[in-house]
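Following this line, the structures themselves.
Next come two complexes, and both contain subunit A; in the first it sits with subunit B, in the second with subunit C.
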Partner chain A sequence: MTNTPKRGDRRNARRLSLAASTLTLALFVASCGGSEAGDSAGTLTVGFDNEPVTLDPAFSSAISSDRNVLNMFYDTLVRQDADGEFVPALAEDWEQDGDTLRFFLREGVTFHDGTDFDAEAAVANLTRVMDPENGNTKAAALAKVEEVTAEGEHILELTLSEPDPILLVNLAHEAGMMASPSSLEADSLDREPVGTGPFTLSSWRSNVNLVAEANPDYWRTDDEGEALPRLGQVTFDFVTDPSTLRANLSAGQVDMVRVLPPEEYLQLEENPQVTFEDTGVRRSYYISINQEEGVFENPQAREALSLAVDREGIGEAAASGEYDISPSFATEFDWFFDESIQVPEHDPERAAELIEEAGLEGEEVSILVRRRDPDPTIAELVQSELNQTGLSASVEVLEFESLLDQMNEGDYDAAVMVIDVPRLDPSLTFDPYLVTGAPNNWGGISSDELDDLLAEGTRIEGESERAEIYSEVQRSIGDNNDLVFLHQPTAPLIHDVDLQGLVFNVDGQWRLDEAWFES
Partner chain B sequence: MTGFILRRVVQLVIVLAIVSVALFLLLRLLPGDPTTTILGTEATHEQREILRAELGLDQPLIVQFGQWILSVFNGDLGESWITGEPVSAVMSDRLPVTVQLGVMSLLGALLIGVPAGVLAAVRRRSTLDTALTGAGVFFLAIPNFFLGPLLVLLFALSLGWAPPSGFVNFTDDPIANLIHMVLPAVTVGSMVVAVVMRQARGAMLDSLGGDYIRTAKATGLSRGRVVMVYALRNALLPVITVTGLQVGALLSGTIVTETIFTLPGMGSLIVNSIFSRDLPVVQGAVLLIVVAVLLINLVTDLIYAWLDPRIVYDAA
Partner chain C sequence: MTLIQLTTSSSRKIAARLLRMLLRDWRVVFALTVFVAIGCAALVSPFITDTMTATDTGRLLRGPGPGHLLGTDNLGRDIGARLVGGAVVTVQVVAIAVGAALVVGTVLGLLAGYLGGWVDAVVMRTVDGLIAFPLLVLALTIVAALGPGVNNALIAIAVVITPQFARLVRGEVLSLRTRDWVAAARIVGVPTPVLLYRHVLPHLAGTLLVFTALQASTAVVAEGALSFLGLGVQAPDPSWGAMVASGTNYLSSNWALSVFPGLALFLTIAAFNLLADALRDVFDTHRTN
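Let's turn to the complex of A and B:
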């Protein structure tokens, strides 16, 4: 019984020398473990660094990590498996007929509060997401849905204004999560999630922990027809400090940690009770460049920056060698990854020439960076490389809120930033950073060509056609040095070797409904 | 005495008024936007505006301050911007942890610090005195943020005697609760124990040199009785003073220590809320701590009078 995706296996085999193959006795650890987390009783404790602000999926703000928690409480009409295929969930079947999408809903499913899940409930949920007036964060996901109607107790119909290649993707995640109509009305989902999911909320203390109990009436069964979920209780311990998370894992206080930086997880390599699972998640470091004013308004200066940075050197120093190099936010497992696009060779001499040609020698450049390891180290490396080109660079280490403030005001030259990739769809990865005037387009990238390409990417259907468009996009940002992409540290999921049955989403986020402890 | 207490209460109100204005304004000077924490970086301008209106952030600062101070007077500290929970509920959930941590470290500091100080004074210039004084200087010099991780490394990770972090409610499991609290209490208490010990030693040396001690000895009283009753009672006064003053330091120690050990107390609440720009929670929590420190100083003054009948607060 394994639910690890095939791609996951390949990734494991490919890279993780960290894996549990060379298990030896650890120096210390695992002493007071196990018993405390009550493994055999089916109690899982997760060390989680990114506590959701809300458990209302329509208002969820973390790009992907919230879903690890939301998946506990909510189901969607369809699920998307790790290979990107859509499989039935609350909808047993669906069909597309022109601009009409019809879902045949599962019967006999109840919400945690006992009310039945039916087409009316689904309409209430989707209509709420489609209403931009209530300020929800997912409205854009259903922007091309014109109307939602119940065509019978268990038939749901969506009318589209135009084709939407990622509608099913969106419906399979936060925008399509189904909550009880009475809690929608009470507007209480933010602290009291009521869905149809495998677990029910037992308690949630902000910044401390969240406890969930198995939902005894869960509709799903495993392949053998056995009831799910298998775990009796799941606790999320909200801890942000990586070294505390690592210590808690060592001591057996937690069974799984969402993500740790390489310098922390490499310390667990010798621990026989811990295994690393490469779910394909990468932390994609990049440099946001202000091209509206200052030195980097000059394209030659941006090119010089891209040539000056030693991506391999930064990866070795700041990610302990556990990294990939990619010319964009794409990872090599993504369907829109294009091998023919490469990052430029490290060429400090050419970079210095460019700065000289542009007459920018001695010009001052400020590099902003968030106060969180290892980011300042990366900024310092970039600084020294820029100084060698003849520019005069300085690093400003800021708390995240202050950093964003300055970037939103355009008060910076360059900023070392990071996002988790992959996202569910390339449009969700690229659009917020590249479309003219988009929220995370701090540097003022504004190109009709890019805007048209990105709009086309959300219009046409077919993976290979879309892959071509996103190749164009990646080529364009590389050619113009709109963003400079650095390294992509691996971010494996780290968990107790006895924890089995984790199910992954296409973007590496996990589900716990089939998880269990092997004793 | 009543007049004294009244004066102090008036002082307390004035201090609180100044603190709340300063607190409110200083927090507004922080860069950053609470809507980023709530909506993420990729939210649109419209989504942010809707949320700002909901939180009342579209009002002028003076209106926001007025609304806040009015509701504080009505006993309502407002709601968390991030979670929507009432600030008072959040604090009543967190306060017991900090109180327990404070009481454990203070009691520990007194129980170890006073006897150690007395012993060092009685055995003045002995090896024991040198060792105790040395240890005191060591603990005085070592900062919380260094001692905490050091203790975790040794007692949690190497020896496995205590958990590296976390918290269990006393009502759920008293033993586990105490086990989780030992390392944090040692971390917070280390600095206080050193201060108490040095103060106790110094005060004891003073009173042991007093004429009344010589007289007491001359009347044939036992050495133990002279030290424990005659000298110690007089020496306690300065010890109480420093202990009272240490409560402020203790509270700031809990902020660092709770963060290191991820204890759900007031300290970690303040730190987390500052980082997430949850200003109503920061305001409520800081106000509460200010009130606590002021009240403890008042109580300290009252204890003086009880310990030393010569101290009279009201002019006749």
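Let's turn to the complex of A and C:
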């Protein structure tokens, strides 16, 4: 970590970026005159609130919704279906032999730029991810791979340093996405994805939309041997405002919306043209707490925060009653969900006592939150509840990038955040938020106990053994109030009733290669 | 001596006549009623801060009815109490932001118009530069640069309105400075500040009064817009603009969230505009007489 920069510098930088984003917003509002969807010609328009920062899979963020877009352009060696089973993709078959994992690659597959997909190309992709020098975000996924070699034109061999229970999981997602070797050299994937996927990028205008055309040379066919993809064109309209998304959906301007808060989607229930699909995705709201400095450095203050929040009240107010309560990121569908772990009871009196005991009455606390409904509502409720404990809380509503900047600087006390769950594996759910120094561990959680447990979780095999470890992890977070978990709104995928053939991944994210419109 | 007495008594008479004319005008009566209501609300609001910020998830989005006369918002807060609290910001905008713009803008305009030369050039080029931006865009940029918050919103509103006053006053002064009584005062050696204050400013009073009322309505609109965009008053403190904004998500479940604060903004802005209209009529009559 760098030495603490001057507070003024940070503030100025933030203000400038806010000024810039306000101007951008003004320009954006001026420029988004009309976007329309012509369903008849096999054109799908998706209302999408989380625009990806980059389309280079090796450098993409941990945001699982990025995968919806990346899956358009890239394929992986294997796919993991909705039940968690591995199915062939660019690799037709694979075998594990001690420390060696061998993939037999599909022949006759070409990248969007016309070059052939072969073992050399796969080696180039995996070597790039394994390279610690280039700063990619997926290196940890292949940490246990020692060597990648081409053992023939279509045979790929991975030599492992030790068994890795989640290597195939990782290879089935961003870390294993295959891009054309020439674009790897040009380092141009962030704006120009060149993979083997079902669609090719046609245009991408930041804050507006992304248009993709069907890849006529796509290697996959459906069960009847018909060519895929079936859609001719897919457009992602980048809109963050939920009520705009809802309005666009009911007006038929978009055919599908990634996610909407309950108070918006409940308004669509009567609409016969719209259908809901609960893919098991929950949005897990939590409070990230800065335990390195400020009020919440004190464990008693963290406990007070956990006791002060009325999780059910927040769920009623911010999710119109469509929510679950869970003691951690885990949902009740997860195999590592442990129902013996208690959710803290709402106890404002005890919270106030704790604040008094700690001598923190009247101390100021800032709560950061993203400017996207209903998040500010949640922050305001937390603020009101904290004020009742004797603290003096304020809410700062920020654009997402400024919010992350400020959290990365450690310049906050608490932040209302949300992630999509389930993730592919509990290690991906917990590690980025809890391991000492991990990218999303903004609050500075640093516990040897947690680090050891989480390392153990990626080492041992067997679901029940791992489940035990992860329930230890969840107990530890709860006991130390490292994070405060709020409610988990249900997040059904909402789309036009005529849209068929959506394929879901194990993490509830979707693929469009088999999608089509029933006319 | 007699001459001076005569002028004072006749100006008193004129003032009394103007006041009678104004009070017979329904627009003035309407405006005063609205102002008194806002003033009372602002005075009451420090005593009900707890009521206006107390959330209660057991009473979300209630419609108007007994207990909560105007209903409750998406966090279970009393809309009526928040409406009363929002009046404080409106009073601040008019008293502080418009007040500061009036004083600073008038002084700059007087100096630029009367002194001319480089003072005029510097002041007026700056004013032109500021006026070139649409008012709201400039205010947004200033607040975004300073950081969101009610104080910065007041600063931004003052900054965008000041040039309007400066330009108006300078124009008037340019025509007044060549008048005989100004020249006479200058020749007998009246110091410039006194001259401007005693012999120029009084002739601007009518115009400034009308213009201030108009600018006050612009300022209230600007504050509403800034708060609507989340750059003005910060939660949980109430502001009418922010209340309208948060209510837009719940229009189908509780119209009261947006409608009442919207109505409050509408009445305030209408009051200032009608007052300005009425004042202009009166001062025009006076002039033609």
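The rule we apply is simple: the second predicted complex is superposed on the first by the 420 of 519 C-alpha atoms of A that agree within 3 Å, B and C clash if a C-alpha of one lies under 4 Å from a C-alpha of the other, contacts with A are read in each partner's own complex, and residues count from 1 in each chain.
Keep in mind that, in the parts below, contacts are C-beta pairs under 8 Å (C-beta built on N, C-alpha and C of every residue); 3 or more make two chains touch, one makes a residue touch a chain.
Note that the structure is predicted; figures quoted are calculated from it, not measured.
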Touch check for A:Gln383: first (subunit B), second (subunit C), both, or neither? second
* Does subunit B (first) or subunit C (second) touch A:Ser392, or do both, or does neither? -> neither
- Message: With both complexes overlaid on chain A, does A:Thr244 touch subunit B (first), subunit C (second), both or neither?
- Response: first
- Query: First (subunit B), second (subunit C), both or neither: which does A:Thr110 touch?
  - Reply: neither
*asked:* By the touch definition at the top of the document, which applies to A:Glu263: first (subunit B), second (subunit C), both, or neither?
replied: second
| said: Just checking: does A:Ser447 make contact with subunit B only, subunit C only, both, or neither of them? Give me first, second, both or neither. | reply: neither
Which of subunit B and subunit C A:Asp310 touches, first, second, both or neither:
second
Partner chain(s) touched by A:Thr159 [first = subunit B, second = subunit C, both, neither]: neither
So the subunit A residues that subunit B and subunit C both touch are 243
Touching subunit C in the complex, subunit A uses residues 11, 14-16, 18-19, 21-23, 26, 242-243, 263-264, 267, 310, 312-314, 316-317, 371, 373-374, 376-377, 379-381, 383-385, 387, 394-397
Subunit A contacts subunit B in the complex at 28-29, 31-32, 36, 53-54, 59, 61-63, 132-137, 190-191, 205-208, 237, 239, 241, 243-244, 247-248, 250-251, 253, 399-402, 404-406, 432, 439-440
Listed in rising order, subunit C residues that touch subunit A in their complex are 53-55, 57-58, 60, 74-76, 137, 140-141, 144-148, 230-231, 234-236, 246, 248-250, 252-253
In their shared complex, subunit A is touched by residues of subunit B numbered 30-33, 36-47, 50-51, 54, 80, 82-85, 90, 93, 149, 152, 156-158, 160, 163-167, 259-260, 262, 264, 268-269, 272, 275, 277
